[in-house]
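Pasting the structures in now, so scroll down.
The two complexes that follow have subunit A in common; it is paired with subunit B in the first and with subunit C in the second.
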Partner chain A sequence: MDLLFAGLEQVFTVETLSLIAIGLIVGIIIGAIPGLNVPLAVAIALPITFKLSPIGGLAMLVGIYKGGTYGGSLSAVLINVPGTPAAAATALDGAALTRQGKAGKALRMSLYASIIAEVISDLALILFAVPVAAFALKIGPPETFSVGVFALTLVGVLSQGNMLKGVMAGALGLLLSTFGVDPLTGDFRLTLGFDALSGGWSFIALVIGVFAVAEALVKVERPLEKPMAMGTVRLSDPDHRLSRDDWRRSLPVITRSAPIGVLIGAIPGLGAAVSAYLNYGITRNLSKTPERFGQGAIEGVAAAESGNNAVTSATFVPLLTLGVPGDVITAIMLGAFIVHGLIPGPALFEQNSAFIAAFFVMVVVTTGLHLIIGRLGMPLFVQTTRISNKFLFPAIMVLSVTGVYVTTNSFFDVFTMLGFGLLGYFMIKCSFPVAPLLIGFILGPLIEIGLRQSVIMSRGSFDIFLTRPLSAAFLALAAVSVVIVGVREWRLARRNTPNPKTPEGD
Partner chain B sequence: MTSIRKILKTLAIVPVAMAMSLAAAQAAGYPSKPLTLIVTWPAGGSTDVIARLLAEPLGKELGQPVAVVNRKGGGGSLGTKAALDAPKDGYTVLMTTSGNHILTPLKKDVGYRYDDFVPIGQVVAATLALAVRADSPWKSLDDMIKDAKANPGKYNFGGVPFGMPHLTLNALATEAGVELVHIPMQGGAPGAKALLGGDIAMLPANASTVASNLKAGKMRALAVFNKERDPAFPDVPTAKEQGHPVYGSPFVGMAVAKGVPQEAVDRLRAALQKVANDPDFQAKAVKTATAITYLPADDFGAVWARDWNAYEPVLKKK
Partner chain C sequence: MGTGRRRPGGDTWIALGLIAANAVFLRDLFDTEPGGAYLKTTTLPIALSVSLTVLSVLLLGWSLLRPAAPQAEAAAEPVPGPPPAVRVLAATLLTAGYIAALPWFGYLMSSCAYFAAMSLLYGNRNPVSIVAVMVAVPLALMLFFEQYMIVLLPSAGLFE
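The block that comes next holds the complex of A and B.
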């Protein structure tokens, strides 16, 4: 109890509170801007924290992390360009709602779903860190492989009605993920003679290219299009509010997605994007009205956003209890602990309860401030829909090019981004869904590494995937998922055949 | 409150510093503009942390700010190549490590060799430890070796493929005549998770990666692969003490491309020597579980040649 009060004392100072607020605001803005990304923001802010108190510095980074993970949804909803990879699933239904003039509804849901998920994630970190970490340790290579396969089966769900094209896009993503260093031997492969490709295709260039650049190219075709909204957008309009029915659809989804997101966050190497897609896919598979998804289903927004923000505190579980960062961002934050002589891991967790208590208090306070700042900012964010495309998309192009260059310091990656932009443009033009490409790219290494590590562990036998119970369970889920998705898509396709689907972007 | 004031003060210094650097640029002599310190590994990693700790005092010493830039990828070769291709004016400095400097160019032709660079000085020689779970029956290196001899090919260990920990444990296995199976890992941290989760039986790793687990008693170190015991882990015997003279110690240091004017090289060497021997800087570094093991330029160059020759036969064979 004393520790809790000591923690409160450390966090409720003007310094720490303002650092959290700064972190959240910076995070939301960076997350929302396609081209700038959260790992970059955390890396840039990292040296600043070296001069601050440990809790103050971490408070700012956690603020950026939570704000940024949420901020990606703003641009996903408002302009159909996910600000972060994890928000790509949010765009599917969020942007559809905006097109229907219901942007406020989607924005509200993405904020509230994010916050509820963060609260659940915070509680899991504080109350169940040790058991959750014990679960994460059960996820060895065979389980990673099986989870990856399960997640991959949900690609069909994200295909927006054209499963074959979705699967093709997913396969292309898998293929692209194999370029660069062979993760198991360290040999270079598929570098096409470019030194710059020895690290593989830049993830950030891929994301910005297929989403931001491609969307800009599509918009360029219609130069005189009016902005989506004329006049001030009033959030108090009924179309921008969440109805009782919206909550009835979304609450059960959030309470399911958040715990799944927590577990995904606790398993090192998966991360927010996997959680968002997985939860979106599961939610659509379990829905009685799957045809609404992609057309503005509010529970789609809820699933994706609670899925990605549930990861944000859970990634600290393996960092604090095992000394292993949960994702890219916590790996960068590791530096902020270490530079103050706090080496995350069981010794810190068990022996420095004063710091841990203060850290927990700080994480909870950050969630609270996130709600306040997010809600206060909403009337501002929603006005984006009033900006004419002829201003909006050139600005996005500038940010994309500078963002990629700042992140990677490489012109090769800038051209890569433009190339992926063209690829994305043609995919959209030919009604290929883009999200499966990204999922394939993210899941490819997980599946490959999991598969090859497992087979070395079992000395060449594939039985290991079935004899380890968790792995077998995930593979069974994958099989069920394939059947459900297959049957549903077949039915939907049959229902749609009499009147052929109008191509997207009509 | 004081810290806020500190931030504001720091911010206020920026324009002043910029004006000062302009003034300095007009005066002749190196350095007359900010320097770039290239880190070939991601932000937040152990090399990055030490580079960022160094950047500030080094900047003070040189009278010019030093900016840390992360250029990761290709086993560290992309950043190393960037340092080599930069104008040879002494304003681009490479934070170099065994990985990007020795192991990567030995594995594949990446367009440079270790001697394309001029050493400035070694900053860190990391300790490699062989860790096992706390519930492992092995209490010493001999326990492990006896068990592994009786059960050839039974035990797994983890490590980044052909990283220093992997190569060092391979050397131990060859020396002791045992057969261990390597499970490739994507880094030290995933290796630690695999050890705790029971997927591997032992983990050769940078001691700082497993320090917290060692301190908390979740893992036990069977040996360190240094010539002497590491003062941070005085109870852990060296491999040599246990009858297996196997060594491995990844370095971190500074280098510039060959062709940089001698004036700049000398200035950097003097500045690094001063900073690395500053007790204040050393104390800061120790807190991050990294003891500073400074070596002057010539000795650091000798380490390069030694490691290059030691690992060439192993890696070229592949």
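The block that comes next holds the complex of A and C.
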């Protein structure tokens, strides 16, 4: 109890609270701008934190992390341009809600789902750090491969009614992820004679291309469309408020997605994008009305955002308990710990228990401030829907080019973005689902590295995937998922096939 | 309107495009000296490329053999000005030109010109608003990235 009070004393100072607020605001802005990512913002802020107290410096970084992870959803919902790769799953239903004049509803759910998931993630960090870390330690290459295969079955889930095209898009995403240097041997493959392709296709160019550029090309066909909202948008309007029915649909989804996100966050290397898509796919798979997804299903926003933000505190579990960063952002933050003489690992809990207590308090306080700042900013964010297409889309295109350039510093990648934009445009025109392409691209390296490392571990045998219990469990889940999707697709096809005995009209 | 002979549509062209692209990829992969133990560097890409080719052939067959759908009764309301395909082509070429111009004319000049051209393409005919926004947006982005994020944007190589 003394430690808790000491922690409260350290966190509830004007300096620490201000640093958390600054971190959150900067994070939300950075997250909402396509191309600027959270690792970049954390890296830039890192040297500033060296001059601050340990808890103050880390408070700012945690604020950027949490704010940035949520901020990606703002542009995804409002202009269908995911600010972060993880927010691409939010765009699927969030942007559809905005097109229906319900941007406030999507923004509210995005914020509240993020906050609830963050609270669950914070509690998991505080109460179950050690058992969760023990679980994460059991995840080796075979389990990573099996998780990847399970997540890949989402391609089928997200392609319902268009299975051939969905599977093709997923296979294309997987194939695109294999371009460039082989992550295991360092050999080059599929560079097609271009040095610029030796590092593979840029993920940010792919995301911005298939979402932002493709959307801009679709909109240029009919440029005189009116903006989504003509007058001032009021969040108090019924269309912008969450109804009891919205909560009834979303709350079970959030309470299921957040723990899954916590486990994914605790496993080093998986990250927020995998969690967001996995939870979106599971939610759609379990839904009695999967056809609503992609058309503005509020629980789609809830699943993606809770899955996305549940990762944020969970990535600190392996960092604090084992000294192993859960993702790129915590890897950068490790620098801040070390500069302040704090070496993450089991000894940290024994030797710096006061700091650990303050850290736990700070993480919870950051979530509370996140709710306040996010809610205060919402009336401002939602006014984006009033901007006319003739201003909005030229600005989106300039922002997209700028975002890819500042991320990659390569004109080749900017041209690539335009190429992916054309690909996305033709995919939309020919009714190819875009989400499987991104899922394939995200999961490709995970699956390939997991597969090849496992086969090396077992000296060429594939039995290793079935003899390890966790790996076998994930493969069994993948098989169940395929059966569910197959049965659903078969029923859908039967429903859509006209009965030959019924005479056709006309 | 009954079912008739099917003309090649978007699916047909996408399938043909993917088959052609995969032929290029497979040639590159078979020319690569594969490294690695058990599963080689090129094993997974070859498997994926072959799978995608097979799926593309299936799509091609399906797109050519399925009965033609009845034509839509009511076309969408026509938009004044060039047809949609020309607008898409113009937007694509403008963007490609913008990216190509960045290293020569710099971020600010290229972005202002591109913003103005795109505003016209999206139907803005108000010169005051075009000029105001074409300067404000790129300038704000440049100040944000260069002053606050300390990220350098392309400078005008032609005038250096």
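Everything that follows uses one rule, which is that the second predicted complex is superposed on the first by the 487 of 506 C-alpha atoms of A that agree within 3 Å, B and C clash if a C-alpha of one lies under 4 Å from a C-alpha of the other, contacts with A are read in each partner's own complex, and residues count from 1 in each chain.
Note that in this section a residue touches a chain if its C-beta (ideal position, glycine included) is under 8 Å from a C-beta of that chain, and two chains touch if they have at least 3 such contacts.
Everything quoted here is computed from the prediction, not taken from an experiment.
**Student:** Should the superposition on subunit A be reported as showing a clash between subunit B and subunit C, or a fit?
**Tutor:** They fit side by side.
**Student:** Determine, under the contact definition given at the top, whether A:Leu17 touches first (subunit B), second (subunit C), both, or neither.
**Tutor:** Touch status of A:Leu17: no partner.
**Student:** Quick check for you: in the superposed arrangement, does A:Leu52 touch first (subunit B), second (subunit C), both or neither?
**Tutor:** Only subunit B is touched by A:Leu52; subunit C is not.
**Student:** Based on the superposed arrangement, let me know which partner A:Ala347 touches: subunit B (first), subunit C (second), both, or neither?
**Tutor:** In the superposition, A:Ala347 touches subunit B alone.
**Student:** For A:Gly269 in the superposed arrangement: first (subunit B), second (subunit C), both or neither?
**Tutor:** After superposition on chain A, A:Gly269 lies in contact with subunit B alone.
**Student:** Which of the two partners, first being subunit B and second being subunit C, lies in contact with A:Leu251: first, second, both, or neither?
**Tutor:** So A:Leu251 meets neither subunit B nor subunit C here.
**Student:** Look at A:Leu123 in the shared chain and tell me whether it touches subunit B only, subunit C only, both, or neither; answer first, second, both or neither.
**Tutor:** Touch status of A:Leu123: no partner.
**Student:** Tell me the contact category for A:Val220 with respect to subunit B and subunit C: first, second, both or neither.
**Tutor:** It touches subunit C, and subunit B stays clear.
**Student:** Between subunit B (first) and subunit C (second), which, if any, makes contact with A:Asp187: first, second, both or neither?
**Tutor:** Touch status of A:Asp187: both partners.
**Student:** What is the angle, as a multiple of 10 degrees, that the CA centres of subunit B and subunit C span when seen from the CA centre of subunit A?
**Tutor:** That angle rounds to 90 degrees.
**Student:** Pick one for A:Val324: touches subunit B only (first), subunit C only (second), both, or neither.
**Tutor:** The answer is first: A:Val324 touches subunit B but not subunit C.
**Student:** Closest Cα approach between subunit B and subunit C after superposing, in Å?
**Tutor:** In this superposition, no C-alpha atom of subunit B lies closer than 9 Å to one of subunit C.
**Student:** Output the subunit A positions appearing in both contact lists, the one against subunit B and the one against subunit C.
**Tutor:** The answer is residues 184-185, 187-188, 452, 456, 459 of subunit A.
**Student:** Going by the contact rule set out above, which residues of subunit B touch subunit A in the complex?
**Tutor:** Contacts found on subunit B: 1, 3-4, 6-7, 10, 42-46, 48-49, 52-53, 55, 68-75, 77-78, 81-82, 107-108, 110-111, 153, 156, 160-162, 181-184, 186, 189-190, 192-194, 196-199, 208-216, 218, 284, 287-289.
**Student:** Which residues, counting only subunit C, touch subunit A once they are in their complex?
**Tutor:** 10-11, 14, 18, 24-25, 28-29, 32-39, 41-42, 44-45, 48-49, 51-52, 55-56, 58-59, 62, 76, 79-80, 84, 87-88, 90-92, 95-96, 98-99, 102-103, 107, 111, 114-115, 118-119, 121-124, 129, 133, 137-138, 141, 145, 149-151, 153-154
**Student:** Can you tell me which positions in subunit A touch subunit B when the two form their complex?
**Tutor:** 13-15, 18, 43, 46-48, 50-53, 56, 136-141, 180-181, 183-188, 195-196, 198-200, 268-269, 318, 322-325, 331-336, 338-341, 343-351, 409-410, 449, 452-453, 456-457, 459
**Student:** Can you tell me which positions in subunit A touch subunit C when the two form their complex?
**Tutor:** 36, 40, 44, 164-165, 167-168, 171-172, 174-175, 178, 182, 184-185, 187-192, 213, 216-217, 219-224, 389-391, 393-395, 397-399, 401-402, 405-406, 411, 414-415, 418, 421-422, 425-426, 429-430, 432, 448, 451-452, 455-456, 459-460
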